[in-house]
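Shared between the two complexes below is chain A, which has chain B as its partner in the first and chain C in the second.
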Partner chain A sequence: MKKYRGIIFIIPVIILILFIILFPIITMLSNSFRNVRFGFEKNPAFVGLKNYSELFNDPVFISSIGKSFLWTFENLLIQLSIPLFIALLLNKDKKFYRFVRSIILIPWILPMVVVSIVWRWLLEPNIGYVNYLIKSFNLPGVNFLGSTSLTFHILVLINSWHFIPFGTILMLAALSTIPNDLYDAAKVDGANSFQRLVHITFPLIGKIVWFVGLLAFMWSFNTFDLIWLTTQGGPANSTMTMPTYIYKLAFKSYEAGKASAAALVSTLILITVAVIYFVIFTPKEQRRLKIAKSQ
Partner chain B sequence: MKKLTVLLLIVMLISIMSFGKTTIVFWHHESPAHRVAAFQKIINMFEKENPDIKVVQQVVPWGDAWTKTLAAIEAGTTPDFQFSIPELTITAYQANAIIPVDDIIQEIDNKYQYIKSQLAPYKIEGKYWGVPIWTMPMVLIYRPSVLEKYLGTKEPPKTWNELLLAAQKITLLSEKEGNTIYGIGLTAGNNLCTQEQVYTIMANLGVRFFDENGNLTFNSPETLRAVEFFKDLYRFSPPGSTGWAWGEIEMNFSAGKIAMMPYFGGLQKRFYDLGNYDLDAVLQPYPIDGMKGNLIYPNDVHIFKSAVDKGHLEAVKKFLVFLMRPDVNAILTAQMEPGSFVPVTKAAQESEHYWNDPVIKTFKHMNEVIIEATSYGTLYGFETGSAVNLAIGSISGANVLAEMIQNVVTGKMGVKEAVNWAEEKMKSFMK
Partner chain C sequence: MQKVSEYIRIALIIVILLILLFPFFWIISSSFKSFREIMTMEPSLLPREFTLKHYEFIFFTRYPSKDFPQNVVNSLIVGISTSLIANFLAVVGAYGLSRYPFPGSETFSRMMLIVYVLPGIPLLLPIYSLLARMHLTDNLFGLILVYVAINTPFVVWFLKSFFQAIPVELEEAAKVDGASSFRAFVSITLPISLPGIITTFMYVLVTTWGEYSLAQIIITSDWKKTVPLGLATYMTDQYIEWGPLLAATTLVVIPVILLFMPFTKQFISGLSSGALKD
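Moving on to the complex of A and B:
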């Protein structure tokens, strides 16, 4: 009995995990092969791969996959570089820097609904404050949220603006773990500040950058609220990423079967990319540790 | 001990008082505090007159209305009745969760005379499934001072040509002055607001989505002409409206950046509160070979089967008939959202309770126009006088009309291509 005590204790957690992770995935998989319209039919008909074939014949779905990747790429680019840059600037133990470190968290605290509404108003072409500023320099107003070419990138900026404080705090935490002795020793050896950054700072915060990168990837790929609350995937589907497309299918067109198929494709993409990310981008030190442990 | 005895006595008293009372529960989706308060005011009046019935309101925001309704149907936890719009009633009908309400319609019609156009969206296969409570007609609202300044008259345009010319003149003249006021306010966002505006223009040419047998007839010369006109008119609408929804267009109009727009009359409350009376309305202009027409959005109440199962049907019926009494209906309309929520019975439309409301009285002409518009109005998919094809719920929910317009005004598609695309999309929902 003593032998099984550990397993007995862990069973409730396993059941819970199965229930909250495996059950929805299995339901999603099952729904993706049926003509499900929630609430309409108790026993939706099995339609085989019809939902998938319709999906892959829909140019909006295909373009939504591409847009999701572009969205994630642009977000990652900003969300990894700018927080690091800000963290390096703020990594000083003085009163002013401590104060700035506290207030930069404000955008992160704001709920996305508030962020979306505030930016919608700020960027409104005729009475919005941003265009007011632009026009005060005698420049033509910009159609920020109604342009098929610009809106996507503007939303990336807003999304990153929301994430940057969190990324900065994580980077700052990583920077604070680097012992000052290393910098002092490098200074004695004649290393300039750029060399110290490249040879000490970057290698030692690698793990955190890796972690922030993973978080930023997952969150960016799954961004729904900001896009839905600002453009609903428009104009002319120019901001239609996979989560927006899936929501529209499930809750606007009531095609829950097809939406499940799209959600499964999205899940598979996420898992694949996450695996690749773990394999390729895991910091060498961690990989070495894992290998050592396995030996 | 003494306290406990008193508490027990109170609990017993409450239990005795509530014994024998029927409690009916309804969902509505009007979450702003003043609307919830208006509902409560009506409930209090009703409970005073009917001490054997307790009414409970529960607010489910519009954004959750479909998902929560379908989830409740699936789980068997529906309320007794629900405030709704045609698409949601169709959804509940398709889910086989509601009962026909012909007897209630008949009773209200006998007492207060329904405006017939408001009943059409709720007639499915010869029976009524929703009780229209109020309606929302779209008219052309305008700023008289802007018209006077740039057109030399307070008289608004009456035909499409006049509307286009007026919009052009106001935009160009004000642009010259360095403070552009756009002649017309049209949205092209991927939302309901866009659909309602474009449909108002379509209604002027009698566009029909379906024929009497439910066959799709959307791709017609009338539709092409209406979309072409929308595109022409859109040139004099503010830039950026491809990203607009309700909030942006209302703010721009209130800020004096827009001279005219097809819209609901609800802005009068904001103007009234600000003490600004530079607002009026006219029936939506139509082409010389067209017709008076506009969008109407009748809101209804549907009754769930669960009300019958629980033995609450009679209490629900009593409450619904009470809601349509002109003095009560004036609270639901004039007091709740003056100009936006409009009575659907002749008695309520003529009632002094409605016209004595301070906001309604202040914008009397505008409200007379809005009331007139209830007679000409139609709703997309229900032009034949009943719901002939239930795919309209999905077509509307998926914002097909709005997406079509976005494709046109962003230059992604030509008018013909966009209308073809919309028809194909509609067909996919009919499969």
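Moving on to the complex of A and C:
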């Protein structure tokens, strides 16, 4: 019994997880087979797979799956590379660099509502500052948030703009753990700065890149507030990712059954990809350690 | 040659800073512009005629559907209670996981990260119906409960590695001197892990202060609205009240930044020791 004493300490945490993850998933599963409109009716009728068949016959839902993957992919690409680049630029212990490090977090501190407001305004076709700058070069104005082809990618950029500072700080934290002697030794051996980057820096920051990648992936896949507050999934469903689609079903058109089915599909995708990510991308030393431990 | 590359580096950093910080500057500067100047097709960087009208408006023109000071009070209550409760529960949990490991405790700690990032819009409806059954919708306490449940697993994951990095021998030495396990933890491990706890406290405070999606579903009464919901009331489908919106936005952002700035260094060092160790 003494072996399990630690569990007592995590009982509150376990209860919270039951409340926030397990019960909701069970409710969702049950609702997805029932005829529910609002999600909390008493004893709704069982309808089998009706919600699912409706869902998979809805072209908007099918395209939202693809949109979600594209959204996540584009975000991940930007949110891994740019923070690493900025972190490499800032990785110097001088006054200027320290100062920049302390103010760079500001975009990340801004609430998403504020982010949406300010970018909506900056990108506004008539009174937006960005279009004002474009027009001052005698170029035609761009309708950034009202275009079926462009808006999706603009939102990716805004979302990344918000995450990049946090990613940068995490990457910087990782870079700061690499001892300078390693670089000096490599310099003595004649390695140029590119070789030092590939052979020393990259292998040693694997863990943090993995962590930033996980956060960027999960947060991007679940992005809702930015899209809802700027385009609500429009124009013409061009920014309708899965979370936006589910939200619309559940809270705007009150089709809770169908929304639950969609939510279940989305949650399953997320869990599957997360598990794959954990299995394939967990940094190697760690996995070896785990295997060694289990033997 | 060395010098040139340093200049290029600094120039690049300045360009990046401009892109990252310009929107922030734009909000503040524009909040002091007159209505006419906000709507102009030829905007200027700084206000041509400086006005405090919008600030007066949000403080003195209070009516039930738009009550900015009330929003701030609500957000402070929610943010601070969430952060205190989540951190307390997580300190207890992380302490158990690091000092009394049990079969499966390693996997449990790892899972905390997934548990933290998983709940999003898909789980919103069932969470809402659970709250409805507990009669906690449209209730700040219900909102706090949801926020605590979401944030605690992350803080556990983060602090566990923190506690683990502190040698148990220190606590054991205190115990030899007659302190109980609890006393030994409170007087030795807790002070050493303070940077970590400050980090998680700030983190939870900042994320709940700005949270929108959950709050707008759970809270419906005007006088219970938190800051992000209050800001959203200035934007309707037809019309955006830019002046008050910008003034309120400035006031929402400045205190968070002032509060956060002195701890940035702690936050960064806390993140590096929490997120990097396993």
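One rule holds in what follows: the second predicted complex is superposed on the first by the 276 of 295 C-alpha atoms of A that agree within 3 Å, B and C clash if a C-alpha of one lies under 4 Å from a C-alpha of the other, contacts with A are read in each partner's own complex, and residues count from 1 in each chain.
Here is the rule we go by: contacts are C-beta pairs under 8 Å (C-beta built on N, C-alpha and C of every residue); 3 or more make two chains touch, one makes a residue touch a chain.
Here the structure is a predicted model, which means the values were calculated and not measured.
Visitor: Quick check on the chain A-based superposition: chain B and chain C, clash or fit?
Guide: By the criteria stated at the top, chain C and chain B clash after superposition.
Visitor: Under the stated touch criterion, which partner chain does A:F251 make contact with: chain B (first), chain C (second), both, or neither?
Guide: both
Visitor: Let me test your reading of the model: by the given contact rule, A:S147 touches which partner, first (chain B), second (chain C), both or neither?
Guide: Only chain B is touched by A:S147; chain C is not.
Visitor: Identify the partner contact of A:Y183: answer first if only chain B is touched, second if only chain C is, both if each is, neither if none is.
Guide: Touch partners of A:Y183: none, neither chain B nor chain C.
Visitor: Have a look at where A:N222 lands relative to chain B and chain C in the superposition and call it first, second, both or neither.
Guide: second
Visitor: One more residue to check, A:G234. First (chain B), second (chain C), both or neither?
Guide: It touches chain B, and chain C stays clear.
Visitor: A:W210 contacts which: chain B (first), chain C (second), both, neither?
Guide: In the superposition, A:W210 touches no partner, neither chain B nor chain C.
Visitor: Who does A:I127 touch here: chain B (first), chain C (second), both, or neither?
Guide: Touch status of A:I127: both partners.
Visitor: When both complexes are superposed, which of chain B and chain C contacts more residues belonging to chain A?
Guide: Answer, by number of touched residues of chain A: C.
Visitor: Just one of 42-50, 60-68, 114-122 or 168-176 in chain C hits chain B in the overlay; which is it?
Guide: After superposing on chain A, the stretch of chain C hitting chain B is 60-68.
Visitor: Of the residues on chain A, which ones does chain B touch that chain C also touches?
Guide: 39-40, 126-127, 251
Visitor: Quick one: which bits of chain B touch chain A in the complex? Just the residue numbers, please.
Guide: Going by the criterion above, the answer is residues 66-67, 69-71, 73-74, 91, 94-95, 97, 182, 188-191, 238-244, 247-248, 251-252, 255, 257, 393-394, 397-399, 403, 406-407, 410, 412, 429.
Visitor: For the complex, which residues does chain A have touching chain B?
Guide: Contacts found on chain A: 38-40, 120, 124-127, 141, 143-148, 151, 230-237, 248, 251-254.
Visitor: Give every residue of chain C touching chain A within the complex, in rising order.
Guide: Touching chain A: residues 9-10, 12-13, 16-17, 19-21, 23-24, 26-27, 38-43, 89-90, 92-93, 95-97, 99-103, 105, 108, 110, 113-115, 117-130, 132-133, 145-146, 148-150, 152-153, 156, 206, 209-213, 217, 227-228, 231-232, 235, 242, 245, 249, 252-253, 256-257, 260-261, 264-265, 267-269, 271-272, 275-276, 278 of chain C.
Visitor: Any idea which chain A residues touch chain C in the complex?
Guide: Chain A reaches chain C through residues 3-10, 12-13, 16-17, 19-21, 23-25, 27-28, 31, 39-40, 86, 89-90, 96-97, 100-107, 109-115, 117-119, 121-122, 126-127, 129, 132, 161, 164-165, 169-170, 172-174, 176-177, 207-208, 211, 214-215, 218-219, 221-222, 224-225, 228-229, 242-244, 246-247, 250-251, 256, 259-260, 262-264, 266-267, 270-271, 274, 278, 286.
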